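In what follows, chain A forms one complex with chain B and a second complex with chain C.
Presenting the complex of A and B:
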């Protein structure tokens, strides 16, 4: 069984799920974070070398970690609406516990997972813009000046007039999306490796002279940008 | 001896499921040495040598080529052009990686006896990722002693008889594919569809191939009669002219062209990409070839044993992926006549010289080419007086397995060429009753897809894509049957059923435009008359009911009026317009009110007439779920889960 974990309004993931099915990844289950959080039963056992998890969902489906072959993970947050009745202290404690449980389950889930969770994010690390700029520079991409004043989010010195926004998506060391030079694509792959995020979206401002300037990156890219070829790479990646 | 004089036995398809005999091939073709260079080498083929744009050392490669007198040319054309196209295609969501990989494929041309040694030496070079020799391809027509008989020596009559009654594959399912039904629908004869057949030679001067054809548009035709007969028979099956003599193709109004695998710089893979470039999304490529596979170490041991579909070889696979994924062209490919099981683990073994990344394309778990693979099934027993086993059972020679999508007639196909049905000295008048193999099966599927595309285009609907075409062929049609020794578990898929497919595509209600007064249309008219009669009967019944209602209403109004007169003998309601209560209680007004009532009732009964009622079978509910509905479904699941969780929490609170 393959899993696509995404919210109901994540059309990019739903598009990918539909495409993965047509690529032959069957059975494939689309599971929302709400279905996971409002489960009927969550058994998570950890032994020295492996984990064993069974989640009984309200709609009757059971996610057995032993049957999972691969996962497209687009979970950002765990819904905590059902904890609203608890006191603030209890609620905060319960939220941390549930988040840890999800993190442990996802981290221990067998098969390929794009992306594995980290303490900084359930579908891959969410990073501060300054950190992305630093990593992009290390990866050899053209980066703009970054300015940080006080505690507010920093700003990039990119001239957005006359430039256009382009996005690329890296899947397992392959770059998809807009037409870019090999140097830019190689840089994107290096960035994906540097931040250990095999599924990574990278935004650029393309200057009128054709220079691609990094502006941001995300572990939750718009997958539709890569079209059928990205789907194929995704399907191949999840099959391994 | 003419083939039409054959007895009822049928090799490969007989009750015992005889496998192909060891008749040697008579089709001349070439082996190809294909070299795949490492993608970072940036090689460019010059006139006499190879250079590297990435600064890689090409000395050893050039010296090897020079010492063996070989030349190395890119399979898919100039590397920079292919690379440029890859860059341009990258903006298209359907394109990118496959095209960039295509710059690494080269064909090494050298004397045939040198190819194997050259491949071995190439593999030792640092720049080379893979080097393999592709065996000689052949057309997948069944080869038997009697199948290679010369044509009938008797001269053709002044006018060729009409052979369409012998083309039973055109008939209704399950025996045929019901092309005759498709013809009654707008565009159902393949109008606007374009097809390119890839093989060795054709005779486009044939009397039944003169309309809607664009001739040979690539490569050089083989002079061999075997290749020419084959190409002519294939194109006749789907493209035979729509006239009163000879045969009629399944989609006779589709445009048919051909590309040969022969000629300078030509190869099977290049022929496929050339065809894809000459077509648009939704058009069709037919690969009418097969070649010896790994069962007998890529050797032709005779009788086509072990021959497999062309997509097994990486360059062909890349070319098909280009056609299906980048160009959106539907590729139909003969499964081959090797009697092979594509699910055999043998096919998982990477052949020597293939790239390390190669994966068995016949395994559905691996990356797919997107082509529709066609197996050969038996025609209904008794067709042309012969019996090849249960209808739609796998013919013994046909390859099979999970990868095979769909089947066509692998025997008894009446079409142009060969001359066993009508022969003589003029090849343009030759016809056959016995075209066979996965060769005859594949054009049937091409014809079916051509009909669907024509009808979809005429109905202004979205054309089939490679994926949807494959899906509809797999999910509709007449199912494969068992035959002793050849059970249906040896999958070759369903035989197409165009009536069912049209229904699924929402095309079954399109207007009949054709004016031919053949039997089928008479049948249609009969059906229509029956419907009309039925409709009239319903109308009469409705009229009777209306009269009854009218009388009842009349009675009620009269009673009401009488009551009013009784209660208010001098008061009269004043009302204007069409108030049905009226302005007086006189008998004349009562009649007018009744007629108004009648009109209203009439309008209510017929505000949507039968012919204006929507076809609910083809409504959006019948289409594939779109993303919005998946999203809604997911949201519903989430809401239900939350509600259930809340209920559970409340229960626990109550318990505590």
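Presenting the complex of A and C:
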């Protein structure tokens, strides 16, 4: 079984789920964060270095980790509406406990996962802009200056006049999206490796003279930007 | 130059400052309570990170800061801040200052003990347990569930079971007893972590770079950290681990990208080594005071090596 974990309004993941099915990834289950959070039963076991998890969902489906071949993971947040009746202290405690459980479950889930969770984000690390800029610099991408102080929050010095926005998506060492030079695409792949995020979206400002300047990155890119080629790479990645 | 960040009277920070004095290293203290007298800025430009810190009207280049030991408390809980309105200018200024310093530490090439990002593996104990197991340590059989029947089965299987928090929220470890079964239905609202009880001797290992300090703890309560509160006692003794386990502890700290950690081990009568947790900001003073192990000195030397 393959899983696509995404919210009902993540049109990009829903588009990918349809495409992955047509690429032959069957059976494929789309599971929302709500159905995971409002489960009937969640059993997560760690035995030596292996994990074994069974989640009984309210709609009758059971997510058994032993049967999962691969996962497109687009979980950002865990819904906590069911804790509304608790006191503020108990609610905050329970929220942290449940989030920590999701992190452990996703990290240990069998099969390929794009992306594995980190403590900085369930679908991959959400990094501070300063960190992205530094990593992009190390990856060899053109980056704008970044400044931060005790008086001012961090900001980029990008000249936005007459420039246009472009985004690229990396899937397992392949870069998709707008037509960019090989240098830019190689830099994106290096960035994806540096930040251990195999599915990565990267935003640029393209100057009138054609220079691609890094502005941000995300572990939850718009997959539709890559079209059919991206879908094929995604399917191949999740089959391995 | 070593930068120490936090409250200077706090034991671990004070002990590292004394150790830096002893070895003759130059250092600078950022006292969080004096945030109003501190300025900080940094920039990333042309492939380099530059900036400055000004404390009490003296300015230091960040390029000269070769090591940082940070024990910063939540700045919003500082006595100077916590009673201020949410939109008070001082509160915003204090938050911005701390944020700028933390962001610089995350990317600085200096020796940082420890960076925030790698420290967060401790925010989920079962997640961290999976990282620990990859380094060759045994981890206790664990069940996290919201189903009371699963807990009953787990208890029947293991006989002795403990429970504790899943997240980084520090909790007292308790043994599951008959009284607890009457409130087991409560876990339907919040999954809870249960572990097979492991019999053996508690050992706290502090790793500083490549150096290892192991302390054996004999205690008559389930969670020795709270021995006094639970009416018990703890006795701490410095011990030597086998070279193999010394090495594994160093590897574990390195794999988590944490130069300074406190590793909680339990060694069973069969010499199996279980690891329960890696503390990324260990309050080592309790162990050093009880055993005389020179942990602060090792940390001072590690920080000072950053300038070479």
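Quick notes
Here is the rule we go by: the second predicted complex is superposed on the first by the 235 of 240 C-alpha atoms of A that agree within 3 Å, B and C clash if a C-alpha of one lies under 4 Å from a C-alpha of the other, contacts with A are read in each partner's own complex, and residues count from 1 in each chain.
FYI, contacts are C-beta pairs under 8 Å (C-beta built on N, C-alpha and C of every residue); 3 or more make two chains touch, one makes a residue touch a chain.
Owing to the predicted nature of the structure, the values given are computational and were not obtained by experimental measurement.
Taken together in the superposed arrangement on chain A, chain B and chain C fit without clashing.
In the overlay built on the shared chain, the residue A:101 is in contact with chain C alone; chain B does not reach it. Contact with chain C, but none with chain B, is seen for A:120 once the two complexes are overlaid on the shared chain. Angle at chain A between chain B and chain C, computed from CA centres in the superposed arrangement: 160 degrees, to the nearest 10. Smallest inter-chain Cα distance, chain B versus chain C, after superposition on the shared chain: 8 Å.
Within chain A, the residues touched by chain B in the first complex and by chain C in the second are 39, 82.
The residues of chain A lying in touch with chain B in their complex are 7-9, 11, 14-15, 17-18, 22-24, 30, 32-35, 37-40, 57-59, 81-82, 85, 174, 176-180, 224-229, 232-233, 235-236, 239. Against chain A, in their complex, chain B makes its touches with residues 87-88, 90-98, 325, 364-368, 467, 625, 627, 630-632, 634-635, 637-642, 644-646, 648-649. Contact residues on chain A toward chain C in their complex (touch as defined above): 39, 41-49, 51, 82-83, 86, 93-94, 96-101, 103-104, 107-108, 119-120, 125, 128, 130-131, 133-134, 137, 143, 145-154. The touching residues of chain C, when paired with chain A in their complex, are 38-45, 47, 49, 93, 96-97, 99-101, 103-104, 106-107, 117, 120-121, 123-127, 129-130, 133-134, 138-139, 141-147, 150, 165-169, 189-192.
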